[in-house]
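Each of the next two complexes has subunit A plus one more chain, namely subunit B in the first and subunit C in the second.
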Partner chain A sequence: MSESLTSPLVTPQRVTTQADRRRQEALTGFGFIAPALTILIVFLVIPLIAAGYFSLTDWNGITPLTREDAYQFVGLRNYERLLIEDGIRQERFFTAVKNTVYYVLGVVPTQTFFALILAVIVNQRWLRAKDFFRTAFYFPSITSSVVISLIFMFLFSSNGLVNQFLHSIFPGYRDVTWLNDPNGIIHNFLGLFGITRASVGDWASTEIASIRLWDWISGPSVTMLMIMMLNVWTTIGTMMVIYLAALQNIPGQVYEAAVVDGANAIQIFRHITVPLLRPTTFFVVTVGLIGAFQVFDQIFVISNGGPANTTLTIAYLVYASGFTDNRMGQAAATAAVLFVIIFTFTLLQRRIVGEQAIE
Partner chain B sequence: MRKFLLVTGVLCLAVVFSLGGAVLAQDEVTLQLWGASSGEAENRALEEQVAAFEEANPGIKVEITFSPEYETTLQTAFASGEYPNVFYVPQARIAEYASSGVLDTAEGKLTDPEDIYPSLAEVFTVDGTFYCPPKDFSILGLEFNRALFDEAGVEYPTADWTWEDLQSAAQAITDATGTPGLVISADLDRWMAFYVQAGGELYNEDGEWVFGEGDNFDAAVQALELWRSMREAGTLVTPAEVGAGWNGEAFGNGAAAMTVEGNWVIQFLLDTYPDLDWGVVPLPAGPAGEGTLTFTVCLAVGADNAYPEESWALVDFLTGPEGSRMTAETGFGPAPARASTADLWLEARGEEYSAFVDAAADAVAPILPVGFTAFRDTLNGNIQQVIDGSMTPEEAIEDAVSVAQDLLDE
Partner chain C sequence: MTTASIEMPQYEAPPLWRIMRRLFVILGAVVLIIFALIEILPFVFTLANSFKCLPAIAAEPQAVIPVPPFGISCVDENGRVLPASEMATDLTFNPSTEGYQEILNLNLPRWAANTALYSVSIMILRLVFDSLAGYALARIRFPGNRLIFLIVLGTLMVPAVVLLIPRFIILKQLGILNTYHGLILTLAADGFGIFLMKQFFESIPVEIEEAAMVDGASRFTLFWRIVLPMATPALTSLAILSFQGQWNNFMDALIIIGGNQQLWNLPLGLAFLRGASGETLRWHQFLAGSVLTTLPMAVIFFIFQRQFVEGVAYTGLKG
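Here is the complex of A and B:
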């Protein structure tokens, strides 16, 4: 651009100054990003501001906003109810927090680990039918989550394939009602040793944030476990593709050098592949974390937050408060808290994995 | 570049104008009618009725929209202020919608409103104002599978069955055939029927919520204890445990000998399980006598409405004598809400379904106070836990009552 300005071959018809050109370029630039920018503003920025605004009101989500008395400002009342005040709102919110945290702790490490392993496998030169495996592993990620949820409901129903399969392996197996079992898996595990709420003593009944200590350590319920498996299975594909791209970016010379130095396959994987994939791992974990905190559709299709509120996640609580409980203000406040949680976790995660990765 | 901007601008203008044009002048009135749909049969029934209305009222056209996530869709329409002229309101939502000021009142706008079952009209009366006429209703009955009863050599249920009869028949069938006697979802929309049979009340005479308080506590415990003991005896299962999505499907599959469902199950069983030999009787009587639940939907007219007169004409036609007759004769199962057409419905459906209309006058609508979602979730979860044996009936009710108290105190 600037070369052509000084070129003697160009004889401008009118004088075009540097500033004119800049303006022209800026205009063109805005022209190109305008569609994306409009969509972002309309569907992201405005709703974000609106949600923040409504979280300070008592709007019920029904009364038309065109009316003057549709809502009143209640200040931070909604947040107070969720976070501080003992009672049903706090209990529901922290039940959702508990369920979501178990979900995230289960899903994110598992999917990251398996995605890496799968990516390494389908990246091997000796593997035949590579394309088939890559497609097969990626396929669940591009299928509608509703369809997959329905298929899983079919597989996991009490006389579904999963139970039948388990029957054929373990003849004494007692059918698990996967779709409707509120028992926490940690409780179940402790139960094997005869440890129950009654047997551990009074401390277990102490309430923190309206939830008994004993219930805090329940672990995900059996139904939640099933939804976690579903999500791990569907997300692995996407994560695998990201890892695969990164793996192919690692220069071959590094591996050759390692082989010359006498490293075996496991050493190469641990000391070369994993460290070089660090930036990718950061990305995969961050995206996984954000996705996992926002889990909604599978729960909407499979369990509606039940049984016994054990699959009530924060995102589902937002929907339930807004649309079945008619507390849109409360729903907006819940969404705002979810945003803060995700933001904090991402920052924290960046501290832990990120810093070296970004260098 | 300029060309690009010009083209974009022209396109934008074109979009704006075409949107504007669509809502410009119309020579006849078009009403928007929104409904929830349970399936093809229901859609067809409504379309036929609307066609009859359009024929009788030239100049009024009705555009029907069925949406799958009905309440969510309707709520966002309310919020925007641009909502349909006429729409279904499920009984659970009436108080919320009425208090949000989106419903016109039905007072003085209907033909012969005394003919509507008073128990149903009351469902749609909030603070003394009658908002919308019910379009039809369903009540819970006890469906039984004749083949399984025959196999076990147990006599068919009758209208004067009690809880003991239910328990002993379920036991005999479970023992003789290995098929559980009763399939029922751990859900207050079924369980409340047993609560009512045990003498429980939802509201007192002043309209205050009294679930589980005083004598109602014992009634609630008794009703849960019945389910718990049947569960312990192995005669009660939930649909999920037998791999079904709901009671009707489990019953149709022959996974249990009896279930508790409403009128909607009739067409479903006839269509999906044509070979099933089944019958229906009123629910068994509990310690305090008979009792069942009713489920109904009304047709409401929006408060912000450009054509209130035409809208009420449509509602009056659909829920009035003519519409009720059509609901009775060519409907998809639920009975019309007018007492005068009960016989027509029986005639069209067959005498064997009389259980679905007989108790209409004193069936209870299981409506919770506004904002009681947390109570619903809690009680449903607790019923499940009582069935699982991880909670006693007393604990379950105490917990639910304390949640209700929290909600009322808010």
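Here is the complex of A and C:
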């Protein structure tokens, strides 16, 4: 086209001015982006706005919105009930918060630590069959969460393989009912020293956000612990592959220089590998946090939030209030709070680790 | 470690050092093998038990060696359920296909067909829509380009769980809840894919396109004939990630198509089967269903192994 501009013999209608070209380019641009943008706006942006609005209503999710009495505008009532007002909804919400926090605190550091250790070992020069190990660790990540939940239910059932295995190693082991044990593991641990709710005094019965102090410090229940192990088991492979890619990007000379300087393996790991991997660690922890806060599929399949609400997570609570209790407005409000929590953690993480990563 | 210093006098590590090093190697190998077993054994036990009759699963779940007679029936001629002792020992078992037959009669073929339909159509739509959008954001100048890119980045920050309720509300309003196209359209484009493609297109030297522009090619021809073929690695990553995600998608399916059994995909079908069974779990069915659900993904994984791992590493490094 630029050719035709310089040619004196060109017919007038074929002359394209700069402005025409720019308009043409803009139209093409809109054409290219239109399908994807429409999808994102219709199924993501508008829903979010709508959910923000419905979190201020008492809609049950069933009554058609075309009916005039489908819902009432209740302002911040849903949020108030969740966060401030003493009562059953506050108790359920903060139980979910408690469970989710224990879950996140258990899962994210564990999977990050093991992924790093395994990646460093797989990256060693002396290791044969690197590809085999990488495949073995990564395979669970491509398997359906529902399938993995079923497999773990099978392994952890009361006369299942895990209990059998523990029996054969520790003859005195008493079968744990992994799938249905609401006892908190910190409570269990304190119980070993004879510390129980009765023995610690009245302060433990003080309620904060409708939950007794003693219950706040329960730790994850045994069933929750099993779901935590499941998720660590699944996620380690993905995180390891990410670490492995980063390790392979560290130039060999860095290590050689350290060896010449007389550093041993532990010093190299501590003072070279870990600092150089800091941006990767930032990524792995952030992705891990965001994922862990959303745990849902496994809860749905394995425990439905039970026993005694000890595996009720915030994500599962969103689903349960919307579709089991038919409180869509309440569910939308819960989802909004979850959104804020995840968002805050992402930003906080970025600030703390992100700055170190730049240094 | 002496390879770096060929010209230096041969460096002799002190004996203690050498012992330490050897210990590290042994320790590392042991840790690695233990973890590999932990990751692999659950699949081995799933596979073995999926071929057992229910009593054998309950009594001898640890038996993993199949021995003849193969394909036994779980009941004898009189309809009596065979006891575990007649078909399994501590280590061996007589394989049966009962679990597979039962799960195939429980609508599993339908779920599998649905899963394939969702995974393939969403993958194709994402490849087209995401790469078109990614290219526009990377190369074409139009008003609002920056703003749209920010919206795309913003959508990446929205956790999937948060969209559960909002999507239900909108799909209900649009009247496409519990329809095939409801699920497919909802997931037909994604912020991550657009971002991935944009990054990739920006890494291609712009001169190649400029040369073609001079030759009078239209933007679309340029994109279709020249740019897209160069983007094969990114497209492969996107295709694999999208296919895998949709094959295993449970949460979106639960909300959007959970209300109509005929539309269920494999994860949804298995989850509801488990939910309907209460306390008495029919493990031979569940484990057979688990194997059948995993098998296609496993085959694809072993064929495209390198691309899988590179895809994850690539997206990981992008963070």
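The criterion applied here is as follows: the second predicted complex is superposed on the first by the 317 of 359 C-alpha atoms of A that agree within 3 Å, B and C clash if a C-alpha of one lies under 4 Å from a C-alpha of the other, contacts with A are read in each partner's own complex, and residues count from 1 in each chain.
Criterion: contacts are C-beta pairs under 8 Å (C-beta built on N, C-alpha and C of every residue); 3 or more make two chains touch, one makes a residue touch a chain.
None of these values were measured; they are calculated from a predicted model.
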Request  = Determine, under the contact definition given at the top, whether A:109 touches first (subunit B), second (subunit C), both, or neither.
outcome  = neither
Note = Chosen between subunit B and subunit C, the partner touching more subunit A residues is C
Message = Between subunit B and subunit C, whom does A:150 touch in the aligned arrangement: first, second, both, or neither?
response = second
Ask   = Looking at the overlay, does A:88 come into contact with subunit B only (first), subunit C only (second), both, or neither?
value = first
Ask   = So, A:191: does it touch subunit B (first), subunit C (second), both, or neither?
value = neither
Ask   = Once the shared chain is lined up, is A:28 touching subunit B (first), subunit C (second), both, or neither of them?
value = both
Message = Under the stated touch criterion, which partner chain does A:265 make contact with: subunit B (first), subunit C (second), both, or neither?
response = second
Request  = Determine, under the contact definition given at the top, whether A:275 touches first (subunit B), second (subunit C), both, or neither.
outcome  = neither
Message = By the touch definition at the top of the document, which applies to A:159: first (subunit B), second (subunit C), both, or neither?
response = both
Ask   = So which positions on subunit A get touched by both subunit B and subunit C?
value = 27-28, 61, 65, 157, 159-160, 328
Ask   = For subunit B, which residues count as touching subunit A in their complex?
value = 1, 4-5, 8, 71-72, 75, 78-81, 83, 96-97, 100-102, 238, 240-244, 304, 370-371, 373-374, 377-378, 380-382, 384-385, 388, 390, 403, 406-407, 409-410
Task = Mind listing the subunit C positions that touch subunit A in their complex?
result = 1, 4-5, 17, 20-21, 24-25, 28-29, 31-32, 35-36, 38-40, 42-43, 45-46, 49, 58, 61-62, 128-130, 132-133, 135-137, 140-143, 145, 148, 151-152, 155, 157-171, 173, 185-189, 191, 194, 213-214, 216, 219-220, 223, 244, 247-248, 250-251, 254, 266-268, 270-271, 274-275, 281, 283, 286-287, 289-290, 293-294, 297-298, 301, 305, 308-309, 312-314, 316-317, 319
Ask   = Where on subunit A does subunit B make contact in their complex?
value = 24, 27-28, 31, 34, 60-67, 87-89, 92, 157-160, 175, 177, 179-180, 182-183, 305-309, 312, 320-321, 323-328
Inquiry  = Which residues of subunit A touch subunit C once you look at their complex with the stated criterion?
reply    = 1-3, 22, 25-30, 32-33, 35-37, 39-40, 42-48, 50-51, 54, 61, 65, 114, 117-118, 121-122, 124, 126-127, 131, 133-147, 150-155, 157, 159-161, 164, 233, 236-238, 241-242, 244-246, 249, 253, 256, 259-260, 264-265, 280, 282-284, 286-287, 290, 293-294, 296-297, 300-301, 315, 318-319, 322, 328, 331-332, 335-336, 338-339, 342-343, 346
